[in-house]
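Following this line, the structures themselves.
Two complexes come next, and they have one chain in common, subunit A, joined by subunit B in the first and subunit C in the second.
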Partner chain A sequence: MFGLEKKDARLLLLVATMAMFAPFLLNPFPEGSAMAQFNAGYPDLMQRFVIFGILAIGFNILFGLTGYLSFGHAAFLGVGSYAAIWSMKLVTMNIIPAIILAVIVAGAFALIVGYISLRRSGIYFSILTLAFAQMSYSLAYSVLTPITGGETGLQIKAHDTPLLDRALEAGQIGRANLFGFEMSNSVQLQLGGWEFTFNLGYYIAAIVMLGAFYLAIRIFRSPFGMMLRAVKSNQQRMNYAGLSPKPYTLAAFVISGMYAGLAGGLMVAMDTQVGPERMFWTASGEIVIMVILGGAGTLLGPVLGAGFIKYFENIISKINETILHSWFAFLPDGLEDFVVAMVYPFIGKGWHLTLGIMFMLVVIFLPGGLVQGGQKIAGLFQRRKSADAAKPNATEPAE
Partner chain B sequence: MGILEVKGINKRFGGLQALGNVNLSVAENTTHAIIGPNGAGKSTLLNVLIGKLIPDSGSVMFDGQSVLGRKPHEINQMGISRVFQTPEIFGDLTVFENVMIPCFAKRDGPFRMHAIESIFAEKGIQEQAEGILSDVNMLEKRHMTASSLSRGDKRRLEMAMCLVQDPKLLLLDEPTAGMARADTQNTIALLKEIREKRNITMAIIEHDMNVVFSLAERITVLAQGMPLVEDIPENIKGHPKVREAYLGEAQV
Partner chain C sequence: MDQIIVQILNGLDKGSAYALIALGLTLIFGTLGVVNFAHGALFMLGSFCAVILSRLLSLSHEVIDETRTDFLGNPMKVDVPYIYEWLGQETGDTIIQWSVPLAILFSIPIMITIGFIMERGLIKHFYKRPHADQILVTFGLAIVLQEIIKYFFGANPIQTPAPPAFTGSLDFGVWLGFDPLSIMYPYWRMVYFVFSVIVICAVFAFLQFTTFGMVVRAGMADRETVGLLGIDIDRRFTLMFGLAAAVAGMAGVMYAPIVAPNYHMGMDFLVLSFVVVVVGGMGSLPGAVAAGFLLGILESFASMPWVVQTLPGINQIIIYLVAIIILLTRPRGLMGRKGVMED
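Presenting the complex of A and B:
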């Protein structure tokens, strides 16, 4: 199906189903219940899931396949965002040209950065990309203020007159749209105690993500994808087999830069503003962590990793001391205070601590990421099943 | 005129003359061995042939074209494949993928963007890969990860990766180094079979005299960076100069 092997088609269908039903799946707890704060089915967070999913899928094409660890992918995200918002400022508030421009500009920028950075490999490559990203951040923050809006970033204001759109009223802030439909349009569905939100922006981003995921599967299964794995495995043999590793690596770098540009364009489409902090090195680091946490080199891993991190960032950071007290209210007073004091550093602003611990646990015990964890569990079940199946034949001699 | 013509190669590393005026001519459709005691310059010569080292002077012509200054992948595209001392294979990939990669390189050149087509749609390449794997008796291992193969199988796989490109010249750098006796015999048999089945020119650099004399049709002896003798194996065996080069140290 779709030119995919059965297994891959099933994976794509699974991801598509999850993405389409995300408003249900992410809101398992009834509104107003104590667990409702663990619900993630609100538009803003769901959009972030899929957008960072795209970013991670693209990063995985470079890092997962070729093994080249870029520490500057946030730069392409930022460049894509700036390109998108300028398309909106100058041409139209429609998101389609904005996203296309974001991909093209990010791809061109990735070509330059990649061409220079790929002169080195290993740690030196990582440092070069990091340097480029930090330079981009500094430029956007200060020198290029006329283009980037400096520290405050860019929004669509009344004095912007997109060529194809009518002007905004004074004081109004422009919102991106798709042929007149705004991204924040939502439909609410009340079912018993539950409330589900279907947001236009989320569904557009989700469809783009599915397209990006599908393309990634095709790349993984193509001769080109095999060559990228060969780059990671043995460049010496590649050379002596008559292949030039560099253009392959550069192509992978540009593709993953374009994915990042796509994510950046979508970010602007969902929330029509951009600031330089989007290119800061911690943002680049976050992408790396997403992919490693989920499972580098696997198809599903990056999506899982992105979802995992964005979930914890948004949910754990929302828990505060009052909520902790209400959870542990059943304990005797002194003990309650003690437990709250022990847990407190890991929640709210301390969510990075929780993330760090989880990251360490995954890297130490599941070097293949969450995907490997899933495989281990699945393997456990399968072994039990095959053990059960083998029992009736136990009397027959083994082959 | 041989398919590979090496003329007047000189290479110095600081004060050491690694190669001094080396001439070598490998005739088409022969197995040519290059032997010599440790430090004779065999590996340096090989590295010059594959473009890894640039000599101070001299010329290396392959099939009428100069090899010098070309990148390794360009030299491969000219028709020279190389087998390494320790097998160089794609350890993370399956045996089948290992063989498919050189097929693509042969068909599509050093770089081509096949990013959307599925590997499974490449029937021609698959048949080619299957063919060579059955030639080296590894078809049943096609789905194994290459790094999990035994040393002998890794060597066969590397050989298959070179042969599937149908090279005009196959360079072998001590193909049996560090092998157990049985593996050495297997490798000799494999090389003999290849030689008989395919009219392929081979240049072997080897320590093991047993291997050399079972395979080579012509032998060049190097000593201290200089070509000592070049002749057929029968004449090399008893040659006084060769004995001196090999046994000279022992007499001290």
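Presenting the complex of A and C:
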């Protein structure tokens, strides 16, 4: 199907099903129940899942395949976002030109940064990308204020009159749309105690994400992808074979920069604002954490990692001490306080601590990330199953 | 002329901090071959050593003061630090005010212990793994350390004043024959600079003139041969990690009066000090020190009014710009040894 092997087609189908039914899957608890705070099926968060998924997929093409660790990927996200919002301000509030422009501008920027940074490898490459990203951040924050809006960033204002759009009534603010359908359009479905929200913006982002995912699978399975793996495993051998690694890594860098631009464009399409903090180096660090946590070099890992981190950031971080007390209320008084005191540092505002610890554990014990962890567990069960199957033939010793 | 001297002086204290952190970083890289992204966190921990000590010293209990009354007419309850009762009020006050310099003594054993635990517990297992893995795991560690500090001390900066003897500024210009008040330099920044020079000299002397240091230098040059001579080089390198942690910690302690300690100051310094190390040359100690001061001074020159007017924004990006140019033109950095991380 779609020129994919059976296994990959199944994976794509799985991701597509999950993305399409996300409003159901992420809302397992009925409205108003005690567990409702774990529901992640609201449009804003679902959009973030898929957008950061795109970002992570793109980063994985660079880091997972070639092993070049870029610590400045957020710069491309930011550049793409700025490009998109300018297209919305000046040309049209339609999101398609905005996203295309974001991809092109981010790609061009990645070409420049990559051409310079890829002259070095290893830690020097990381430092170079970091330096470029920090420079973009500082410039966006200070000197480029006329273009970037400085500290306050850019928003769509009432006096913005895009060239191609019909004039709005005075005081109205333009909204991001796709041929007139606004991104914030939602349909609600009431089913018993459950309420499901289907948001147009989310579905557009999800379809783009599926396209990005499909492209990533094709890249992973193509001869080009093999070349990128060769860059990671042994550059010297590649040189001996008469191949220069440089064009391949540069292509991977630009592709992953364009993915980041795509994510930036979509981010603007969803909430029509940008700020320079989107380019700060800790934002780049977050992308790295997503990909490693999920599993670098695997297809599904980055998407999982992105979803995982965004879920933690938005849901787990909201748990406060009162909620914890209500959970552990069944315990005896002294024990309840003790358990809450033990658990509280790790969730709520302290979720970064949990994230840091998990990230370290993954780097130390599971270089393949959560995906590898899942495979190991699955392998354990399979072995047990085959052991069970083998049992009837084995003669049991008499007692 | 006086403008230039002011900028050099301004650059010195920031440059000292860069140099001290970069010295530790490059020491770790030169000995253990590990890229330590948690080094900024060690700097931050050092800073919080100063906070902890000043809190410990002013630990107090409530005493009812019969001579004074509060607004309800009851005898007033006053917090009295224990140290007043033990040593008298005057001595106690002096000790509390001098808590930052005292914290250096307090921080050295703590930081060496932390460094030792870090190396034995975590980094030891990463010698054979690629540099990317080392960066990632120490980056994770930095996040964890930072969050632990945030949990205990909150997200707000904590003011930690210098001893009163060092508050105020020195009228440096008068010494050099300029008009009074033309070159003002805060005393504490001068102390910081002198302190960092002493620490740097001490580290170099330790490596240059002791047998231990000689073995370490030999190990940096050729680890295998030193091992073949029957010397347990790993143990010495572990101690060097502790030393590097202590240097970062001391840099942090003394920096506390300049920038109020907060939980993310480590991350802020980390990026810059990495740039410093790379500019100086990975694994080169003199390179790290020279690059630290050089970049510190360059940064303060770039923020002079007329420079900023001609090249807007240059003060924000000068360090990165220099780093990019040096990395591309001199693959080894300013003073890097041949063959160390050249690709």
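Assume the second predicted complex is superposed on the first by the 380 of 399 C-alpha atoms of A that agree within 3 Å, B and C clash if a C-alpha of one lies under 4 Å from a C-alpha of the other, contacts with A are read in each partner's own complex, and residues count from 1 in each chain.
Basically, contacts are C-beta pairs under 8 Å (C-beta built on N, C-alpha and C of every residue); 3 or more make two chains touch, one makes a residue touch a chain.
If you're wondering where the values come from, they're calculated on a predicted model, not measured in any experiment.
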Partner chain(s) touched by A:R229 [first = subunit B, second = subunit C, both, neither]: first
Contacts of A:G350 with subunit B and subunit C, given as first, second, both or neither: second
Contacts of A:R221 with subunit B and subunit C, given as first, second, both or neither: first
Which of subunit B and subunit C A:L191 touches, first, second, both or neither: neither
Touched partner set for A:P247, first subunit B, second subunit C, both or neither: first
Partner chain(s) touched by A:L335 [first = subunit B, second = subunit C, both, neither]: neither
Which of subunit B and subunit C A:E5 touches, first, second, both or neither: first
Contacts on subunit A seen with subunit B and repeated with subunit C across the two complexes: none
Of subunit C, residues touching subunit A in the complex: 35, 122, 125, 130-133, 135-137, 139-141, 143-144, 146-148, 150-151, 267, 271, 274-275, 278, 282, 312-313, 316-317, 320-321, 323-324, 327-328, 331, 341, 343
Residue ranges of subunit A in contact with subunit C within the complex: 67, 69, 116, 119-124, 126-128, 130-132, 134-135, 138-139, 141-144, 281-282, 285, 288-289, 292, 345, 350, 352-353, 355-357, 359-360, 363-364, 367
Subunit A-touching residues of subunit B, taken from the complex the two chains share: 50, 71-73, 76-77, 81-82, 84, 88-93, 97, 100-102, 104-106, 109-111, 113-120, 122, 161, 165
List of subunit A residues in touch with subunit B within their complex: 3-5, 218-219, 221-227, 229-230, 232-234, 236-244, 247-248, 251, 255
